[in-house]
Amino acid sequence: MTSIVEAMSISKWYGKVIGLNNFSIDVGAGITGIVGPNGAGKSTFFKLMIGNIRTNVGQLKVLGEDPWRNPHQLANIGFCPDYDFLPGELKGREYLRFVGGLHGMEGMALNDRINEVLEVVSMTDSADRGIGGYSKGMKQRMKIAGALLHNPPLLLLDEPLSGTDPVIRKEIIDLIKDLNKVHGHDVIVSSHVLHEIERMTHQIALIYKGRTVASGDISEIRRLMSGHPHNIVLEGSGMVELAKVLVAKDFIVSVELRPDRKGMVVKVDRPDAFFDAVPNMVKETGCELLRMESMDDDLESVFRYLVRW
Amino acid sequence: MGIDPIGYKPWNGRRTEHNRRFLVIAENIVWERFRSKPFLVLFILGAILVHVFPLIFYSIMPHSELEADLMSGYMGDGLFLIFNITLVSLICADLISEDFRSNSIVLYLSKALQPGRYLLGKWLGAMVVLCLFTLVPPMLVATAITATQDGSDYLGSLAVLGRTFLAGAWTALLLVPVGLMMSALTSKRTYAGVGAFMFLFILTIIAGVLGTFSSDWQLLSPIAVLEHTYDFLFGLDVSNVNSVLLVPMVIMLTVPPMWIVYQRILRKGVGK
Amino acid sequence: MNGRSNWVGLRSLFLLSAKKLLLHRRWMVVVLLGAMVCAVMGYGASQDLADMDTASDMMDLLLLTFILPVMALIYGASMIRNEIDDRSIVQVVSSPMDRRLSYLGYFMALSLVLMVLMVIITAAAGASFFVMNWEDGALGLVLGYVLAMCVGALAYSSLFLLLGVVLKQPIYLGLFYVFIWEGFVGSIPGAIGDYTIRHQLRVMVSGLVDSGSIANVGGDPWSALLITMVLTAVLVVVGAFLLREKEIA
């Protein structure tokens, strides 16, 4: 795997406040989600990657180079921070012209590129309005447009969905997916809303209190957490008989029947063994299974499990 | 399963009377100012440069009593007045501008605090902080001189001490409205601070320039206004001062600025 | 970035920064100040015995001593500081343009805007005085002050822009410099009075005009110009270096 970003035991502190603590990560191509609660260190990591701040300890490489005091590398990175920095007095197109100028772009080529980028973020109709009058979603899209303008191979999007309504969130998620699938940019996107990241990518890095808790594919992380019991929901008829059979099995940790006796939650420590045994148990008891679903294959359960340890 | 209560309990403690809530604002201002390092540095520097040397010098010099013209001259000294102007700019810079910038003015006015009380709290806080420079040190100097006098007219010295108190309070009273006005005219404290400073200084400079043509123009300067009012407060000769112009200048430096501040608070309170 | 790209970037930053400075609501303050200066100069011209010395003394006090450093402080101290505080500087520091070059762009915009404003105010002030009191040498006097304003704009811009990068509250030190250092220390007799930008500007003007008390200021105008330019260059280089090393959180 070609590494886009390599962080080796980096630490960053602001006075007495620790931003990142012995943080290591290896980010490959595609879309990678950086997930963590508020104050976990996501924005600190982004600022380190863009070279706005430097590490106190450790080594960081972005596209193979140290980002601190390396302005040339910024031609390959598009950054969209989580805060609002757009100049309200400018129009959208003027702002993009300014950003393009900062990247050494000018003339007709710049105008054409601006039109292209506005099309990508669906802001063509609003580009000639003042940024001060934009909604939150429009501002987010304009920020992404600014990050895309110079066609960087790598996009860093820090909390691009924060403060947006559900409709805009879906549009931005689809945009981010297109940026990778259609336009070929590698994207590192952060959020504290786990299910939003899941909708964009399965490659994630979980960060908590300045440390990497886990990184990789969500399912892979889940699979490796063999010590953590899985919760599986079963619904149907004949659940009482099925429960009696289940409690005797050695891979069962607990069985909790619902009051209406039409469903139960089963905690298993070996999900593979459980799933293998289910058909025989159903046949043996004669029950009718209408629903069987693992509650823990989502990112939230993975995260909740990991940060408790 | 119902909603798990989060342990909310209504406030059953004492509530300050409405009329006294402005004191909370004033107290907060005083504590905040003295937690600011740059302000503390300037305050201490000013105290050393302006007050410590006179305290030592005047106490050591032989003197029979505390004299009014001595205190008037000491308080009318250029450096003292420059520091006063600098301090009032810094004290008042973010008092109201910061509330406008962060929109916490809405928070204040939605807490059943009348605009007038809000302004009173801000004004009182600024007055207390500034008086710690304009009133307390001169009182200490005057007390030190009285305590080390050779003569026996302590009553006369006490009278001058009282006048020093009035002069110290008067200095703050004259300068704070302009500082508050600048703070209310902008939401950036930098501009408010510079604005207050500039307003007071530009009047001084214009007065200096025009004063070469006619001495009446000197009264445009807040520094000159202070100096002449000190003469009045200390019971000195004021016959060379055009009191017909002095009184309007005093009013101009106090009433319109406070009115402007009040109007700005009202406008911001309704979201304009 | 290559040379052409750097030039384009510098030009973009310069144009936007200059536009922001000029179109900001501060222009109302500038107009007010300018009008006030013109009014005072006009009043001075209307007095008996008003002559070139009067004009020179008034311009020295109003423009050189007060308006120039104060306007440089207002514009310069807040230029980069505001962008750091509201984090809009992120678009500049996350561009491939070297931060040192970006600093130069800010400095160029600031000093040019300041120069333009001071030239206009100085010319208007001179016109207000001499329109009623034309004398030979009036144009020379005004031009002498205009030149000093231009050099002063460069020097003060470099100083206050640097303060804006270094300090969170540059205005405190700026005010201290203008009013305490230049106001009080600068008027102390002896060599210490020379360690101010204002003194160097006055020496320069003394070589250009022969009216008013400023004409009697001792010193070599060319040395004063050199000292001011060297100081400006040093402050710009230091500021650029500090911006490059600054962590923008």
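By letter and in written order, the chains are A, B and C; residue numbering begins at 1 in each of them.
Heads up, the rule we're going with is that contacts are C-beta pairs under 8 Å (C-beta built on N, C-alpha and C of every residue); 3 or more make two chains touch, one makes a residue touch a chain.
Bear in mind that the values here come from a model prediction, so they are computed numbers and not experimental data.
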Co-neighbours of chain C and chain A - touch as defined: none
Centre-most chain, if every chain is reduced to its averaged C-alpha atoms: C
Centroid distance [mean C-alpha coordinates] between chain C and chain A, Å: 50
Separation of chain A from chain B, taking each centre as the mean of its C-alpha atoms, in whole Å: 54
Where chain B and chain C are represented by their mean Cα positions, the distance between them in whole Å: 31
Chain C - residues contacting chain A, complex: 1-2, 4-6, 8-9, 11-13, 16, 20, 23, 86-88, 90-99, 244, 247-249
Touching residues on chain B, where the partner in the complex is chain C: 38, 42, 78-79, 82, 86, 89-90, 188, 190-191, 193-195, 197-198, 201-202, 205-206, 208-210, 212-213
Chain B-touching residues of chain C, taken from the complex the two chains share: 26, 29, 33, 36, 40, 43-44, 47, 54, 58, 61-62, 65-66, 70, 73-74, 77-78, 81-82, 169, 171-172, 175-176, 179-180, 183-184
Complex contact set, residues of chain A against chain C: 14, 47, 50-54, 69, 71-75, 77, 79, 81, 83, 85-87, 89, 97-106, 146
